[in-house]
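Take a look at this one; I'll ask things after.
Chain IDs A, B, C, D, E and F follow the sequence of writing; residue 1 opens each chain.
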Amino acid sequence: MSGLLALVILGTVFGAVLGYAAVRYRVEGNPLVEQINAILPQTQCAQCGYPGCKPYAEAIANGDAINKCPPGGDAGVKALAQLLGKDVVPLADASAVKPKRLAFIREDECIGCTKCIQACPVDAIVGAPKLMHTVIAAECTGCELCLPPCPVDCIDLIPAPAPAWQWPKPADAVRIPIRLVQ
Amino acid sequence: MMARQLFGFPGGLVLDDRKDRALHAPIAPVPLPPLLVLPLKQHLGAPAVPVVQEGQRVHFGQLLARAADGISASVHAPADGEISFIGLHPVPDDSGLAQPCIGLCTDETSAYEEEEFVDDISLTDADLRERIAQAGIVGLGGAGFPSAQKLTDTPVKWLIINGAECEPYISCDEALMRERASAIIEGAQILARLLRPQQVLFAIEDNKPEAIKAIADACDETAIEVVVIPTKYPSGAQKQLIQNLLGFEIPRGKHSVDLGVVMYNVGTCHAIARAIAHSEPLVRRIVTITGDAVERPGNYEVAIGTPIEFLLQHVGVKTTQLRRLIMGGPIMGIALSDHTAPISKLSNCLIAAGPGELDESLNPRPCIRCGDCVEVCPASLLPQELHWHIRAEQYARAEALDLRACIECGACAYVCPSQIPLVQYYRHGKAVLAEQAAARAAADHAKARFDAREARLAQARTRRQQRKTAQAAAMGASPIGAVDATVASALASNTGAATTPSEPITTASETDANANNISTNNRINNSSTDKPVIAQHNDRLADVLAAARRAKEKKQQTASPTVTGTDPSDENAKP
Amino acid sequence: MTDLLLLFVATALVNNVVLVKFLGLCPFMGVSNQQDTALSMAAATSFVLTLASGLSYLVNSWILIPLEIGYLRTLSFILVIAVVVQFTEMMMAKTSPLLHRLLGIYLPLITTNCAVLGVALLNTQAAHSFVESLVFGFAAAVGFSLVLFLFAGIRERINVADVPAPFRGAAIGLITAGLMSLAFMGFAGLFK
Amino acid sequence: MTHAPTESWWSERWRTGLWTGNPALVQLLGLCPLLAISNSAINGLGLGLATLLVLTASNTLVSLVRQWIPTAIRIPVYVLLIGSLVTCIELLMHAYTFTLYQTLGIFIPLIVTNCVIIGRAESFAARQPVLPALVDGLAHGAGFAAVLFVLGSVRELLGSGHWLHGAEQLFGPAAANWSVSVANPEQPLLLALLPPGAFLALGGLIAAKNAIDQRRQTRHAAAAPAALATQEQASDTPIDPRPT
Amino acid sequence: MTLAISSPHRTRGERVGSVMRMVLYGTVPGMAALMAFFGWGTMIQVWSCIWFCLAGEALVLALRGRDPLRELQDWSAVVTGVLLGLCLPPYAPWWIAVSGSLFAIIVGKQLYGGLGMNPFNPAMVGYVFLLISFPVSMTAWTPPMTLAANPPGLFDSFFLIFAGETWDGRSLQALRAGLDGFTMATPLDHLRTDIANGQMISEVLSQPVFGAFAGYGWEWVNLAFLLGGGLLLQQKIISWQIPTGVLGGLAGSAVIFYVWNPDAFASPVFHLFSGGTMLAAFFIATDPVSACTTPRGRLWYGLGIGVLVYLIRTFGGYPDAFAFAILLFNLAAPSIDRYTRPRAYGTLTERPQEPAP
Amino acid sequence: MSMARHAAMLGGFTLVCTAAIVLVQTLTAPRIQAEQDAAFGRLLAEVLPLSAYNNTIARDCTVVEDADTFGRSSAVTVYRARRDGAPAALVFSATAPDGYSGDIDLLIAIYPDQRIAGVRVTAHKETPGLGDKIERRKDDWIDQFRGLSLSQPAEEKWTVRKDGGEFDGFTGATITPRAVIHALRRVQQYHLAQRDALYAAGNHCAEATP
């Protein structure tokens, strides 16, 4: 019986200590979310199933999978895995990864409804009501959110300018013939 | 010539230099080819902008393309003739891709014209700078940095003339130093006058005794100090040469000018002397043509733009012997895949290699961590670790191991017993890192804009709310007040489908303003509290998710006819 | 003094908690993909391990033995550990956000690190004195940290190697741990 | 989980516990007892059953009390629950399977810190009603016990050439002759019974599982490439981003 | 589309195979000495290890769909086989060589991806595996031929290894019966157990298994390996840091204890020329794949091995501790590398002091 | 507020949990005690036949201290078996400190007439496969001492054959057997000298079981 009593006292004291600590040391915010958000590509395209990058960052901090952001690609997953000490996994929806594209408004068809302006998360579309709108190519992230609202379907996605040539990674451990002069 | 304490640099290699072959005869001119091809980008920085049209007649020395804004250099006509095309043409480049060039059909009569000599004493410093800039001179040591842009206004401590020419095979600088020492020194004097250094050093590797003698003679009576450095590749690389001569390193992220050192290649000095004394822009250069497949190896003075085929024909090439064609040296050069590519300002050497002279295939095996590469790396890197990480696409790790300090000298790959194309890994790694940095910057930019927009929307919402309460309070008070309130609330509301006629105006103009001025938005963002953003998050959330869903549907409809269980009303809304 | 030193060496190397005693394996496998994080984890665990070692000694000799309730040992020890960990985490989060950011996500893992409870139990089993308990706890922590850190170094290398597909990840990690444990058998009988 | 668990949901629980999310082979939790006690099939089975029991009971209890516990004392309470369960089982084993109790030694109390248990409590039982939690505990416990048993068998066979030696410790005297002797080598593979052998054997087991999965996947992909897409949704607790 | 080929366009060529063959040449003197003193057994062990290492490697490569012919040409499996074979007791039964080779190559090397990827020295992985698994066979060293009552010939050696007894039916036990009809532990083993038994060094060393300055026969074996090691150094196959570190660490520790109490601790010379010291210092610790790569790291790595070998030899459970010491430092190698990285160009933290012009 | 609530919650949970344990403990305690006694009995039975005595051996002991003989610095419990009150055997726990890799713990029973009733190794760290054949589970080597005494074979023959003694070592491992045999010799010598005093000493059972 004395044992029972002793442990109950122990438990009560510990409970009190933790309760005190919970009040005394309350913290807001999670620095991890910021670190995660810094890795996400900020395209704000919602393909991850969250309304933007920050919410997905919060979800990851709460334990969601790290492979849901197609714009971030495998490189993004890798960076997240590194940050969180998790294993690198392939993208959940590998088919969603595509070369970067930009929105382009066929200006003569645009009726100036401004619906796309409201949809664009990065204010990349300019234009006045009833007048034609246009996409600022340098600001467009290619998130495609402006496409569905357009009542006349006048927004196209055009390929972004091709990146400059860069050195490829060498082939691994196979004999490489060097092209001789013909 | 004085003995000077050298500090040395770590690593490095002693190579069989094989420079003699091209040095047995003096520099010989090469006749003009019928067609010159002048790449718009023969330098570091932005391509030059053409100022001539196809079909236009031009004369020797005429400006064909002007330097673009920022780091760039202009291109001039090496001969009289007619512009035959402006467009893509093969150039000496690692990618092997064609690049924008200007084609120039030379007149049969065209020949080099010696401009008359101008004494630089009569020119002001500003004139000199202007002339160097106008002449399209770029660093001929390899990097091709526009030379005029290295001429700082603030005095420097050291001016170093780089006559090391440490790479095997290449001897164009050596030939120049032997034969035109005085012109080089003239150029160096001009640079010294402009940069006002406390000391001018002229570094030459000790395997070039004739050149050393010629330069030392020419330097008599001048303040230029000739320094003989031991032959060790890559002693001519800027950072290593500075370390060797001056004993300090250029800290990461800085340029040598930041420490008061400016370095010019001997060829560059020569070109500067010509630009000043003869008003000749950079339209020709000395090219070493060598290799086992060349019949008459030597150093040739070649008009820039001369196609390689033409050159090879001129020096005689044993076609059956020819195995590989390299522009530059065997260690740092560019493999050529197209004979029509021209000589550019940066082409110091052309190697037509015979059998067994250069690698004809690579047989890479896994790295065995033997450490040979560590021993020769002049930048004190761990080349094998860099390679392991880049191989595994851990670019950030490679960066943390100072990938950026790699000067791509190739010493590591040269000694690697596993014959791993290490330099290619580093080039790939650097390219990816640059790409990632750009993507990061774009993401930050997008985030700033996104946050700004969120903040703006939130503010508008609170404003509308305030108006509403104000409106309710003002309703009974005065009719004018009521009208005001209505208008104000209409102006403030900017979301949702309930479109009032006045609403989009605000949206559009606000959007416009924001698109053009992010800093304003940031200010708004900072001044607004977090709460409203979160509060309105949920509204937006629904909107955005709906939009995303619609986007997905649209995609699916085009991709496959199967429609997964979705809201039919949605489908009706968007056929 | 030499006794304590020998106890230290024996605990840290010869009877290494992870490789010989099989304690703390989950964090050993889980937090060893990078040396930096491994270092943080090692620091956090060392702190808790040493502290819990001492505290559990006190609980044992002040409460459990006088009251003859040895059968409540597990319960009381784990309670002590859970509270120490929880309290440390909360306190650290507030007072030293930097440290918390470094160690934060690892702290909760430590509650379920059986090395902590195991060391406390081994302490009572071996009837260590208070000082011995502290040394034992600390030595175990050092042993844990050492192998975790070295293992993370090896894993960083393995992560860039061409491991055959079925072995990639955990399997090769365990095999490496097996070879490590093989190597650690070299300490057997050292300072017997 | 708002929808009523369907039949496939239950079978999914079992599949997760036994194979796709096996605590020992996939989640790499509870490694300490797994490696320490798997030197014979019977030892493994004994500890496996004890763990199974604790896991099922703890999942149930945690699920029962989940509504009332404030976060600050969440972990201590779980640990308390688990700790008392373990102590009870320890006492019972001490009383009824004495030799096994002695062999398993310190690893019985260490069930408390077996990460599988607190892991399931945190990630599943604390969010689910009692019945699913119970089944989840059973499934994961069974998965864990199965791996312990297989690993024990492999090591026992390699290291000493017999199997199911000492079954009487667990199943009473009647089981004494269950022991199967496969080989009696002059110098058995001692390594299998030593610590390194434990690691190597588990590594091999995991690799074998991966190989099976990978082979299945390639066969799957070859058979029906389209089916891959739908397969992905099988994550543990789908998170619905929409605020409810 | 052309294949972009990066500079350099001239290299020293692919030389892995020739480097490995050079290591093999280096072992020749030592192998010859081992055979001279311990009979044909060593050669048979080395020979079977080579073939089983090659077979194991070819098997895994084939399973992985690689080209075994190309990859076997790197000769590394042969090196592993030779070094493992040199470590085995000369008359250990054949399945020792088989299982050791397969474990070394498959677990120690190919599971990590093959050449260059393995964190541990494969030969030592195989050796320790054998020592732990089959201690009886692995501790059964025979006396040097000249001490043995009737040394086995080549034929007998074959039968001993593959059938368990010689042609005329003598078992290993009978052969081990050396001078006084008794056991044959290695000199290091003797030293360890006899000192533990309370004997003085001088007494111990007076036994016939000890020679002029170390174990009888072993001193010559070590000298021969030293010679071969010199060849590798001269050919720049290995760098000086590791052997220097190993020998320095071992001799240094031995000096300290020897000076302190020469009756209880063997002399540095004894340690340097006993057991596998020279083989390990020049051929095994230097395995580039599993060792440190930075120059400073290599020195620390070698020193650590040397000191650890001394400690385990003197105070631990294994008379010759090289295998364990090397594996333990293989384990530490990445971490040592991490802290001994040369300072890269341009990363000086304090401002460089500029010499005045 | 939250402090009190937390304290109450945790206290409450502790109460419930502890109560449950206490309950189970009360229920199982007698059985555990019985099992423990039985286990000790089983161990004793390995070195001393049950038929040899009829007292409650676990409750009849004396404590002695002799580091040289028993190889441990702490006190050693000696159990005394009696048959109808007459001395039947003494059971010593001893340590051979000179094993190959450390201590070897032994349990040794000796009849009053100096014959060894039985020997068991209770703990050791010898090399698996080499030295561990001293375990009864691995080899019956340890059984050869039953019935022997210091006079048979003669005292100086109590060592391994390699040192000129009577007993075989194991192939490739003499250290371990030597250590065990020497420990046996020491304990027998002690028994020879102290037998009567040990049987006569007062009853004092220390906490520790062998």
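One rule holds in what follows: a contact is a pair of C-beta atoms (placed from the backbone, for glycine too) under 8 Å apart; a residue touches a chain by one contact, two chains touch by 3 or more.
Keep in mind the model is a prediction, meaning the values are calculated, not measured.
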item: Set of chains whose contacts include both subunit E and subunit A; value: B, C, D, F
item: Where subunit E and subunit F overlap in contact partners, by chain label; value: A, C, D
item: Target subunit F, source subunit B, minimum contact steps; value: 2
item: Chain pair with more C-beta contacts, A-C versus C-F; value: A-C
item: Maximum centroid distance from subunit F, chain identifier (CA atoms); value: B
item: Most distant chain from subunit C, judged by the mean position of its C-alpha atoms; value: B
item: Whole-Å gap separating subunit D and subunit E, where each centre is the average of the chain's CA atoms; value: 42
item: CA centroid of subunit C to CA centroid of subunit D, Å; value: 22
item: Whole-Å gap between the CA centroids of subunit A and subunit D; value: 36
item: Centre distance in Å when subunit B and subunit C are each reduced to the mean of their C-alpha atoms; value: 52
item: Numbers and ranges of subunit D residues touching at least 2 other chains; value: 70, 72-73, 76, 80, 83-84, 87, 91, 187, 190-191, 194, 196, 200, 241
item: Set of subunit A residues in contact with two or more other chains; value: 3, 7, 10-11, 14-15, 18-19, 21-22, 51, 55, 82, 167-168, 170, 172, 175-176, 178-179
item: Contacts with 2+ other chains: residues of subunit B; value: 94-95, 324, 335, 337, 359, 362-366, 391, 394, 421, 424, 427, 541, 545
item: Touch list for subunit A against partner subunit E, complex; value: 167-168, 170, 175-176, 178-179
item: Footprint of subunit A on subunit F - complex, ascending; value: 2-11, 13-15, 18-19, 22
item: Interface residues, subunit A side, partner subunit F - complex; value: 1, 3-4, 7-16, 18-20, 22-23
item: Touching residues on subunit D, where the partner in the complex is subunit C; value: 28-33, 35-36, 72-73, 75-76, 79-80, 82-84, 86-87, 90-91, 106, 109-110, 112-115, 118-119, 191, 194-200, 202-204, 206-208, 210-211, 214
item: Contacting residues of subunit E [partner subunit C, same complex]; value: 60, 64, 107-108, 110-114, 117, 119-120, 125, 128-129, 132, 311-312, 315-318, 321, 323-325, 327-328, 330-335, 338
